[in-house]
């Protein structure tokens, strides 16, 4: 059950990756096993989603791939080379929007370019940023400060910030969590389009099974703590995905399978 | 279309409530109309949900009812008296978890009691808090600090904090947004049970139409900015709600109606 | 002829106490000697000697005590002109305490101000001269003159050793002080010193400086109003109240007056010996200075009188 | 999506109403300051009258007022007070600027580098516990009798709060934002300039305010010790003559100067941290 | 849900590996301080040797070392230095405690009330721009020539950074958290104690560190001005006797005292803000 790798020309590969956290405050030394023996491979252009119960270790896995926290075991390989830290080919969007409160929305979106390529490049990319903001329905708020945004608007701004550098590998931690269904659907379609047009590889953490299937070529299902990947389900639906697929039979079978994996098939009402 | 009030013995009543924001940074004076002529009534024990596009003014309405920001027009009446500020009968849960980083999860949950009734009362309420944490699957994390929680866990802790004082009116801003479907469903059922057992009145902001219908006696549908209440839809489903209702016909009709209200019936594929 | 630029540092900013420098500058006496002098003031003789050592000033007006200390610690200065022949310090008591002479200070506490360490030496010598031994009294540092008012009030001290300008101020502000200084002390006060290097390489300049000061002092003793006028350019605030400034100037001139038949500016050997002895007794000097004549010279004063 | 409806004047009124402030918030500051000042002066007057404290130690308000009038008159008619005030002002401003520059630099080194925190910090602290007075002759020796030595003394005394606060501010950076910058592979300098420094602005401004105040003190200490021509020297002369009323009047003038620099920094702060509500 | 599997020792090693620090982080602080100190002493030695500066202005390291040995010897054999050190230490500690109490109180008043910010703040600032020296006679008149007046002087000089930083910290509170407290109908005092003060702790500690350092200065200023029996008085006497090496040695002793109080506050800070990673 652990060998969920596929063979081929992997751009990203995790080999029995583990992560333990030390908890500070609880008196005696207390170690939490947040991710256990996580292994998978992704090829260029593949989109994967990661689903699992709250607190199972999804964010942890994403942060490890982004090189932000080191694993306590196993290895992460990027294009055949061991990953040692953050990498310009990888863009990550956190679960919290994390916008800098002293910068306008536009300046926040341009931040990655400003840091990687300097202020001039950032100015040159204004148009691209404007397009992204338009896509996210934030064109009007380019000059607003983050305190003036609603929760969903801040999240959308954070998505724009991640997309602006056009990274090869996109890691998204519940990117559309605070969005209403309509905006979410729009963003899903847009996002798929962007990834496909650039042949970008993406891992999306989501708590919506529909969204996981809609966006992904493969869905990784994680078990509760210690988070293991219970199964990799390859989604065999044509690209580009269209909203009407969601009502299809094939789609609903996937939903049921994942649902059962997550919540057990026997007990609990199946409600789809 | 604006008169969405019902008559009767209202505990909470909004009369043409408006909210304008002044935007600071955009050069010339720039005013945003965030909520427009919002009017409705709720009776004791009623549960309502508020749905609408991202940025339409849902959080704004909730904050006004909580007495945190004053309306720029109209009146809010609580038990027949004009509302002038925060009120002990109202509990609000914000869109962000907003946990105090220097307190443990338990201390965070007990905060409202500590503030309203003092430290002794807070200590006395430890058991109740433990029960709530157990319900939210956080029993093990009572002594953890917020930095050690995952996104969904922080949100669940914030829900416990709101529930611990047993307020009469509960205002929840996307309470289950960061939760996976299973935890979410559990929380929905638990939440309905708690509200019913206490005859609490609740307004839940959510971006899930299913959740809105599942939890509510009435769903208020808001239009995009300036946010108006386009329609009040009374949900005529038996209580307690059970997960299998979601697949029922009646339920799906409601879903379709709200969906059409939000996204228009003509254009866009209907995918439910 | 081009003027030589030199700087002189004073240990205080009173225009009256140090009027010869100001008069010589204002009346062109320095210019006559080919000097263009900048006057600067610091806080205390120690700072004056440090500024000279650092090469920031050619001339200074330190006290003999600090100069001996400095020379013992390797400084290269030459004391060449006596200003306060009759000393700079006064031992003052509070009239209400009923103590009438220095002998009456047995068993009391004596306040010293902070401007300089020299008043301790002075007070010790003054009391020793009337037979009061060091173990019969105690010194308390009380700081500036203003503190003395409180210290007298609280009976923390029964006498106050300070520069005569400080005592003059106390009198002027209505504090009823009585002079307890015994007669016949050899401890003279501040005078003029020059950096050793300049003394050796450029004695004409030192001679010129001494000459100008000499002239200015004599002029000032005869023209008090003129001194007040010149003082205004240097320290306008001090001269603001004329009566006070006039009274202060009178006292300054009294202290400037040479003892016995000594010439104006003359440095008596007995005075140097007294200072040396006192510093050794108080432990300020770790070891005796073999030859006191390296510290000072009267050659310029003698030349002046010869003319 | 735009709200291009014409804005109803009632809305503007309601908005203004929302933003309305309490009585005290609406009262102009000068009035409050004046009222509080009146209270202080009354207490002061009573203290002087009934405690029987000597006028040489604590002058009464009336005496100080007289001296203040004289001082201001001299100031505005271009007398020696004007000269002294100008000199002191120049020293204070340059001292403050120098202190800010040194303080920020050192604060960044200490706050952003381990070596700075562990090895340099103790020395900076040690230097600051040293009585500055003892260094006055050194300053004169190095920088002369002119305003340079006073400026250096002012900077020397007042760079420390900027250092400490900058270092504390840099260390306080939000950990989520640090992670964002880490993910963007921001180098140390970028993280410092684009994240930590802006995040630390409230700290830095608290430090700058302290520096503004201490620059004045530094200049006065410098003049006290090293002979100058500014207000510090005037205070010293007046004090040595026990003209306590005059001392207080000149000190008030010095305070006004300190308040101005402080106020200026406060205005700057409002501009720079306006993103905080 | 618990991870009650026995923890693999390899995991502990990996965790420790993750938490491993850079070379500089692992180097003990005393070593870094020593190395940096060696560099400073070398530069100092060179400066003295090659600039030809007089020993009366800047003594060389060797001379200071000799005086330091004498001073420490006297200190540990219970000589007059021991007495003076003890007195100064008592004054510094009490001065610091008093300054902290006053500073926190005033900071809370200014940071949490509009009246405080608008009416009291300018006076606090004004008082702090005033040269403290001018108040020395007042302090002596009120508190006598004993250690009380030095303690008051130390508190008077050092309460200000605590005030400013506390006020700045209170004003910086996160607006979301403020809204939470507002919704809980927390009164002003509760918001202050349970939200604003904890939130402001990093600011407050930056202020306390400054106060620790300034307490030492305050005590020395007090002893310089109003007489005393502590180290400040020893420094003054040594300075007036032009024993510059001795002055430096005693100043080093004072610094050590300042560093100790500073270090103590740093330890306290570690304890209180351990919730920050």
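Should a chain be cited, it is by its letter among A, B, C, D and E, assigned in written order, with residues numbered from 1 in that chain.
As a convention for this text, a residue touches a chain if its C-beta (ideal position, glycine included) is under 8 Å from a C-beta of that chain, and two chains touch if they have at least 3 such contacts.
As the structure is a prediction and not an experimental result, all values here were calculated from the model.
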(message) Quick check for the class: compute each chain's Cα centroid; which one is farthest from the centroid of chain A?
(response) C
(request) Any chance you could check whether A-D or C-E wins on number of contacting C-beta pairs? (result) C-E
(request) Between chain C and chain E, tell me the centre distance in angstrom, where each centre is the average of that chain's C-alpha atoms. (result) 40
(message) For chain A versus chain E, what separation do you get between their C-alpha means, in angstrom?
(response) 48
(message) Quick check: how many Å separate the C-alpha centres of chain B and chain C?
(response) 85
(request) Spell out, as numbers or ranges, the residues of chain A touching 2 or more other chains. (result) 24, 96, 137, 145, 147
(request) Mind pulling the residue numbers of chain C that touch at least two other chains? (result) 46, 50, 53-54, 144, 146, 149-150, 153
(request) Two or more other chains in contact with one residue: find those residues in chain E. (result) 1, 53, 57, 137, 141, 175, 224, 239, 276-277
(request) Would you please name all pairs of chains that touch? (result) A-B, A-D, A-E, B-D, B-E, C-D, C-E, D-E
(request) Would you pull the chain A residues touching chain B in the complex into a rising list? (result) 21, 23-27, 51-55, 58-59, 95-96, 104, 137, 143-145, 148-153, 156, 173-174, 177-184, 207-209, 242-244, 246-247, 259, 262-263, 268-269, 271-272
(message) Which residues of chain E touch chain D once you look at their complex with the stated criterion?
(response) 22, 24-25, 27, 29, 32-33, 35-37, 40, 53, 57-58, 114-115, 118-120, 122-123, 125-134, 137-138, 141, 160-161, 164-165, 167-168, 171-172, 175, 202-203, 205-207, 209-210, 213, 216-217, 220-221, 224, 232, 235, 239, 247, 251-252, 254-259, 262, 276-277
(request) Using the touch rule from the top, collect the residues of chain A that touch chain E in their complex. (result) 18, 20, 22, 24, 31-33, 69-73, 147, 224-226
(message) Help me check something: in the complex, which residues belonging to chain D touch chain A?
(response) 1-2, 176-177, 179-186, 190, 194-195, 198, 201, 273, 275-277
(message) Under the stated contact criterion, what part of chain C meets chain D in this complex?
(response) 7, 9, 12-14, 40-43, 46-47, 50-51, 53-56, 144-146, 149-150, 153, 165-166, 169-170, 172-173, 175, 235-238, 244
